[in-house]
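Look for chain A in each of the two complexes below; its partner is chain B in the first and chain C in the second.
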Partner chain A sequence: MVDQAVIREKAKEIVSREDVKHLVGWRKGTFGYRVSPHWVETPEDAEKLIFSPLCSPNLTTYLTLEEKLPLPKGEEPDRRKTALLVKGCDSRAAVQLLTEQGIEKEQVLILGVPCRGVIDQRKLEEKFPEALGGVEAEWDGDKIRLRFPEGEKEIAREELLAGNCLNCRYPNPVWAEEILGDEVEPWSDGKAPGVEELEKASPDDRWAFWEKEFSRCLRCYSCRNVCPMCYCEDCILDRLNPTWVYRSVNYSENTAFHIARAFHLVGRCVGCGECERVCPAGIPLGKLNQKMVEEVRDKYGFEAGTDPESLPFQASYDPQDQEDFIL
Partner chain B sequence: MSEPFEPNIVAFLCNWCSYAGADLAGTSRVKYSSNIKIIRVMCSGRVNPLFVMNALQQGADGVLISGCHPGDCHYLEGNMYARRRFGLIKELMEFVGVDPRRIHMSWVSASEGGKWKDVVEKVVEDVREAGPFEQFKRDKINW
Partner chain C sequence: MTEKVLQKENWSSFVQALADARELWLPVKEGPLHKFVPYSSEQETPVDLEGYANSSVPPKEAVFPQTETMFRYQTGDQEICPPEAIKERVLLGVRPCDARAMDLVDHVFQWDEDDTYYLDRRKKTALLGLACHEPFPNCFCTSLEGSPGSTQGLDVLMVDLGESYYLRAVTDRGKKILQSVESSLEEASEQGKQAEEIIKKAEGKIGRKVEAEDVPEKLAQLWEDPLWDRISRACLGCGTCTYLCPTCHCFDIQDEVEGYEGRRCRMWDSCMFGEYTLHASGHNPRPSRRERTRNRINHKYHYFVRKFDKIACVGCGRCITSCPVNIDILDILSRVKEAL
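For the complex of A and B:
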């Protein structure tokens, strides 16, 4: 757990440094309980920084989203660092980007904040509809304390945590310049709830489940846009020649899109749960990703974003890889 | 009157081993099912999982990917990547509810015309059991 005052102090110190361009953190959003990303350019901006169970956005995605315009002739590129506040999962995303050479080590300054799991906004709105009027949250041991304008409420942590946090194995940042606050004890073995039941179901039941989910997809591509791992400049989904996935919204194309998306994240997904959080149709994309995370962990012994020295999973091989499925 | 179901299978064969193996089966007059439509690729590592999905979307009932035995790859390690990738796409498709009997991978070398026949017969039999693929075929949807 970390005090907000500590984060603000540190942020002030960091942004006053010569070699730092800005720091990305969280601040209170403009609507209800929502939290939005906050760019700290000057020490005064740091006063707005917060860190609470509502800070679910994964800020690592802004490292690759930043637009790099062509420079005028003779002008030097800005080589100052981007500082970033990261939770456990976000730091794994940063490590994964590093192993894929999506970012350079010199380009970033990572400040870790240990996290006890963030709140799932759908669960919050379901249990406390008044949260839309604004609420502040904080961790308190195994409970989450919610501070409404009319008074405080307490609720068990498990009831509000996002799905990906329930099976989080890395609540502490794995790679950071400095970790602010005390480390927390991991609470899970990494088995995602709901995945095992689906595995045990018959293929027809599984298809029925996914057909129902995929047919609701609007193809807004929010899941792709928010994903810290989806940063290809030329995405197959935008490509028209050849057209791998048609733009029509029907379950043939939706299924193809979701399989392609999930496959591109195999061995790369860090389980930050952003895709599921931003999905306007509430498709449980986390289940699809977590299934593959477990697959890669159990059968290949690889976990994305835990080792900055490792090779990307799909761009490496082990001669002893299993091949019992090969004729 | 209904005709018996004849599966439509797309096979991606690597240029250096499996394609030559299939060629050998042909020149040695080995008889095997004609349900298989061969697409030659330079290496099994060239096979993008999207190929598999697109084949299924466009009317294939099954897909076969075939390459050199591990260690025999013309490009030294292409089939190793293919193996890792294929194991994962198979798991993923299975998790979504696609019958695992529809997707196969095999190692067939240039001298294994006989093995190529066995592989084809096995795949055709499996896909025949699984039946026509209707789950996310493109032309099934009509809106």
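For the complex of A and C:
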């Protein structure tokens, strides 16, 4: 585990370097339990950095989100590094981006923070409605300690953790220039809760389940936009000529959208759970993506974003690969 | 003034009486979402008028559907089929901020050409509002001429008194609606005063505020300010804030053709999307999240004010609550105010 003071000191040192543009971390948000991404440009900015079980945002998405606009004539692009604070899953996103050449190694400076899992905001609100009035959280062994203005409360970690954290296999960053704090002991075999139940259901029941979920989709695209792996400049969903997915918001088009996205994430999803966290309609997208993660792991022994030297899943081939799906 | 009382034990006969005469829309809970849907007595989802501070999706959907068929056609044919006629409907349980929002959006759909699709729905939609008891932590309606008991835009205001609801007709249409369901109502006596107290108490619970008077002028001066880079860099460019905003009203129009069956439809669009102002040439006057964020704020707190002399924000706080990365419009406004 890591002390916030250590993170702040390190951040100050990093942003003072000439080859670093800024560091992206987390700070306390503007209300309740919310946390906001925080850009540190000066040593003073570092004072606001925090790291707690409320720090869900996967900041690697900001590596590819920045628009590269044409520069005025004669102006050179800023080639300084972006420094990032990453948890275990976030670091896997960075590795995956690296292996598929979405980012350049020289462009980033990764600082890892071991993580015991982040809080699912819906579980938090359900169990502690007062969290909307303000709360701070910290890990304490197998418990999470919540500090409300009125006093402290403790709860078992698994009662509050986000679904993707319950089955996390990589709580420690797999790739980082430096890891701040002590590593934590992994706690899961990677089997996602809820996925097995769905697998056991009949195809009709599964279809009915997803029909209900996808019908609620508002098509705000927050799942796509928050995803560090969704960085195509020309997304199939935005295409108008041809229009692959109509803009009409209905079950059929919504399903086309979500299934297209799930397929584009095969062997690439790192299971950070951001899609599920940000969905205003609460669609359990993690279950869909996690199923694909498990398929790829069980059939091909591949886990996205765990080895900076590996080839991307869909660009690699092993003569021993299963072929039984080929008709 | 028509003032009535509805005992909660008469709730279902009241709802049924409303639904018998017209299409009735009610807030229901679907997953974690509270939204307004047309009522049917067989529906499975529970009607929930009390378990939420406000619906997560604003009731604008009833007058400005997310996807709306404008007409249907057969490809290669000159004939067009108009959409099905809209029935008279009543929305039950609309929060005062959302009713005010509809009042604001009305300006947009009739300032030059009348938008018949919108206006037809709007004219046929009566709003039975429900005053707020427990404002959400991000509510700030009182900063923008609103209140938990505001009647602007409503036909009837309802106030929850615990065992009963107090109902007050605000418009003639509201009066008629109350008359049509009279059998489930009682005459009000002292309840009006009780309702006023509840509203006042709710007003006191609103914790967030902004003094917005000088914002339009300041926004005009901050066009190129680096402030926008700092505000927008956390933005993911998703449509959550705009889709859940009761005053956002941008749409796109497209033809959707399957086989020979075509339909022209319009659907919500969002100024936060990259394709929003993308020209056919490939040029985009709002090429990055910086310009898009700036547009969202300017549209509500600057352009709309210049055009209609009103701020196009009602302080419902949905954009704050739902933003995945905690971009907070009140924080933006305070930074705008501090910047000059």
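Things to note:
We adopt the following convention: the second predicted complex is superposed on the first by the 325 of 327 C-alpha atoms of A that agree within 3 Å, B and C clash if a C-alpha of one lies under 4 Å from a C-alpha of the other, contacts with A are read in each partner's own complex, and residues count from 1 in each chain.
We take it that contacts are C-beta pairs under 8 Å (C-beta built on N, C-alpha and C of every residue); 3 or more make two chains touch, one makes a residue touch a chain.
As the structure is a computational prediction, the values presented were derived from the model and not from experiment.
With both complexes brought onto chain A, simultaneous placement of chain B and chain C is permitted, the two fitting side by side without a clash. In the superposition on chain A, contact of A:Gly282 is made with chain C only, not with chain B.
In the superposition on chain A, A:Ile236 contacts chain B only, with no contact to chain C. After superposing the two complexes on chain A, the angle subtended at the C-alpha centre of chain A by the centres of chain B and chain C comes to 90 degrees, rounded to the nearest 10. When the shared chain is aligned, chain B comes close enough to touch A:Tyr251, but chain C does not.
By the document's definition of touching, of the two partners only chain C reaches A:Thr61; chain B does not.
Contacts of A:Leu327 after superposition: chain B is touched, whereas chain C is not reached. In the superposition on chain A, contact of A:Ala5 is made with neither chain B nor chain C.
Judged by the touch definition given at the top, the superposed model places A:Ala262 against chain B, while chain C stays out of reach.
When the two structures are aligned on their common chain, the gap between the nearest CA atoms of chain B and chain C comes to 7 Å.
On chain A, the surface patch touched by chain B in one complex and by chain C in the other comprises residues 246, 250. In the complex of the two chains, the chain A residues touching chain B come out as 198-199, 203-211, 236, 244, 246, 250-253, 255-256, 258-260, 262-263, 266-267, 288, 291-292, 295-296, 299-300, 313-315, 317, 319, 321-323, 325-327. Chain A contributes residues 29-32, 34-37, 39, 57, 61-62, 65-67, 69, 122, 132-133, 213, 216, 218-222, 224-226, 238, 240, 243, 246-250, 274, 277-278, 280-283 to its touches with chain C in the complex. Considering their complex, residues 49-50, 53-54, 57, 70, 77, 80-81, 83-100, 104-107, 119, 122-123, 135-138, 140-141, 143 of chain B touch chain A. Residues 30-33, 56-57, 66-67, 136-138, 208, 230, 233-234, 236-240, 243-244, 252, 254, 256, 265, 267-268, 270, 273-275, 287-289, 320, 322, 324-328, 330-331 of chain C are the ones that touch chain A when the two sit in their complex.
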